[in-house]
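Labels run A, B, C and D following the written order; every chain starts at residue 1.
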Amino acid sequence: MKKTRLEAFSDGVIAIIITIMVLEIKVPHGHEFADLMPLVPIFFSYVLSFIYLGIYWNNHHHMLHAATHVTGGILWANLHLLFWLSLIPFATAWVGENHFAAMPLAVYGVVLLMAAIAYYILQSLIIKNEGSDSLLAIAVGKDWKGKLSPLLYLSAIGVAWLNVWVSAGIYIFAAFIWLIPDRRIEDVVKERETE
Amino acid sequence: MKKTRLEAFSDGVIAIIITIMVLEIKVPHGHEFADLMPLVPIFFSYVLSFIYLGIYWNNHHHMLHAATHVTGGILWANLHLLFWLSLIPFATAWVGENHFAAMPLAVYGVVLLMAAIAYYILQSLIIKNEGSDSLLAIAVGKDWKGKLSPLLYLSAIGVAWLNVWVSAGIYIFAAFIWLIPDRRIEDVVKERETE
Amino acid sequence: MKKTRLEAFSDGVIAIIITIMVLEIKVPHGHEFADLMPLVPIFFSYVLSFIYLGIYWNNHHHMLHAATHVTGGILWANLHLLFWLSLIPFATAWVGENHFAAMPLAVYGVVLLMAAIAYYILQSLIIKNEGSDSLLAIAVGKDWKGKLSPLLYLSAIGVAWLNVWVSAGIYIFAAFIWLIPDRRIEDVVKERETE
Amino acid sequence: MKKTRLEAFSDGVIAIIITIMVLEIKVPHGHEFADLMPLVPIFFSYVLSFIYLGIYWNNHHHMLHAATHVTGGILWANLHLLFWLSLIPFATAWVGENHFAAMPLAVYGVVLLMAAIAYYILQSLIIKNEGSDSLLAIAVGKDWKGKLSPLLYLSAIGVAWLNVWVSAGIYIFAAFIWLIPDRRIEDVVKERETE
């Protein structure tokens, strides 16, 4: 079974998800600067989700790069991940159109949490398949980001009913930690090559 | 004629179909939990169709992997399959928005049935092209899932006017049988290699 | 400049065009068979445009397969073709929603005519680039379909004001002639190989 | 890290952006020629944005062709570029639906300006990575188009409040200069090869 086609299909789905979100930024009827104002929260929720989808694409890219072959289970775990990612545009639009109200923010967190769990399942299946001494297994051993993220989403879901801005801040922070250059897999590759 | 481009185009179309379905889950105007309730049937019909499209992508992937070359007839049989798959988002949304009413459920079954027939035509053309002693021909000889599915769709179409939940249950069951690991093609490949 | 990326981009755009057309088949509010009736002309215009886009993808596939390299002019001629193809969903929806009225049918023909001209320009640039003794040049020398199609579109545009059904019939006929197996390029390839 | 997947993802996103723009050309309710009239400015803004996205795809194609490898920074700079490009359909529709009013025209310019800056950042990162004696560095040294474009966008943003037609004319002119055959990278490649 060819890894290439799994990558191509995932790239296609993520590319479409990241792009159709922009369809939720409805064109205002007026043509004044003030007509753009209701779009500000929608714009910021779009930016945040764009970054999250970029992170997923990036991580997915690295993970599959380290994988050597693909099983039926991996195909379905991958589709499961894409399913939760496909709900991000819905959650994003609901957050944006309700100006960061509590329930939409919590649902946004649930979608992110489910995507994180789906990613973890996919990663575990690939590692199981590659073996515990594989590049990916070693690289992921240090995966503090992967472990911290679900806790952050959970806390943001809870905090949403106390203070929506703190909740939104946690989502921004949880995205931010992924933007720190992450050389886990490259480092392990280099270490091995220099041994 | 390159198989790669046929795969890439099919992947693109299936990726788009699977993703635009989510556009039918319209963002609710309120921001309470209750506002999500009308979306529950839409969500479940989305999950079911996502799984069906995942099954088609998965099977299509295996079938083309076993094919060695592509004719004009195969190109058109493939487009025919993509045509019926492209109607799944419409049928899905109609089922979901009408809370699993009889007629939408029957139309859903007709679309699935036509897609199954289109898949069968495509498979037959590829087998005819590859020869009856090809990997694909041998693997498909055991194809009880491919033979059972259209019968299940037909029964679900009929049952829709008696009991919509039984009808919906048949669609769920018909998807479920495909999720059982299907090693038809891999098995034959392995048998041949070990001979 | 890599031909592969031009093919991938064109495949992506055509896959999106062919799929987003289905978004124009709006889900009816009722759940009776009668609620599907207003969709019948929309459905038929969708089928026709799906076939046209399939033909373009098919021909584009063959033409680029025969091309050996790509220039800046070819890139832009290709984008020009994709531009006119991207208007097919609009024209299709307008035809369908107005039950094959004269003006939408004529506009549909104008879009098809412009796409045919764009295809001809692209083909001419590739042939100029490949040389008059290239496979593509020889294969296209017999291109009666490419020459007849624009005339059919022109006549369908004119006839739309006399009788919309004859006009629609001409569009169907013009698509039909392309479905006749077209072995132009393959034949020339085979002739050369057997010489 | 594979350049191919970055190209494929970017192609996918640009293909989707360029195609979903057409969804903003809403099908008119009437079926007379007059019903098309309100769409004329929308059509022209679509044409202009199609050309801009074609230019970006074309330039992106050349730039990545000259790149030999890809870093995490380049991945994110590329996503940043895609983000601004993804806002082009929104800005295009706003311009078109308001018949080229001042504020939409200025916002259109801001999106183009941000995309140009994002492109410059991406290009700088690739050049930094490839080295100052790389093909890309030498080719870009003569990059008068890349330097002139942001100035043109800035002037068009300012002029929008004085005269919208002059402003629109500047956007058209800024696109036009990119359509002049640009052999920067090919020329450098050829020079090197003939040395």
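The rule we apply is simple: a contact is a pair of C-beta atoms (placed from the backbone, for glycine too) under 8 Å apart; a residue touches a chain by one contact, two chains touch by 3 or more.
Note that the coordinates shown come from a computational prediction; the quantities given were computed from them, not determined experimentally.
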Next on the checklist: What rotation angle takes the CA atoms of subunit A onto those of subunit B? Round to the nearest 5 degrees.
Outcome noted: 90
Checklist entry - Same or different: do the copies subunit C and subunit D touch each other through matching residue numbers, with over half of them shared? => result different
Next on the checklist: Distance between subunit C and subunit D based on Cα centroids, please, to the nearest Å.
Outcome noted: 27
Next on the checklist: Using Cα averages as centroids, what's the distance between subunit B and subunit D in whole Å?
Outcome noted: 38
Checklist outcome for this item: Multi-chain contacts in subunit D, i.e. residues touching at least two other chains, fall at 8, 12, 16, 20, 23
Checklist outcome for this item: Touching subunit D in the complex, subunit A uses residues 7-8, 11-12, 14-16, 18-20, 22-23, 25, 27-29, 31-33, 35-36, 47, 50, 54, 57-58, 61-62, 65, 179, 181-183, 186
Checklist entry - Can you name the residues of subunit B that touch subunit C in the complex? => result 1-2, 5, 8-9, 12-13, 16-17, 20, 23-24, 72-73, 75-76, 79, 82-83, 86-87, 89-90, 93-94, 97-98, 101-104, 107
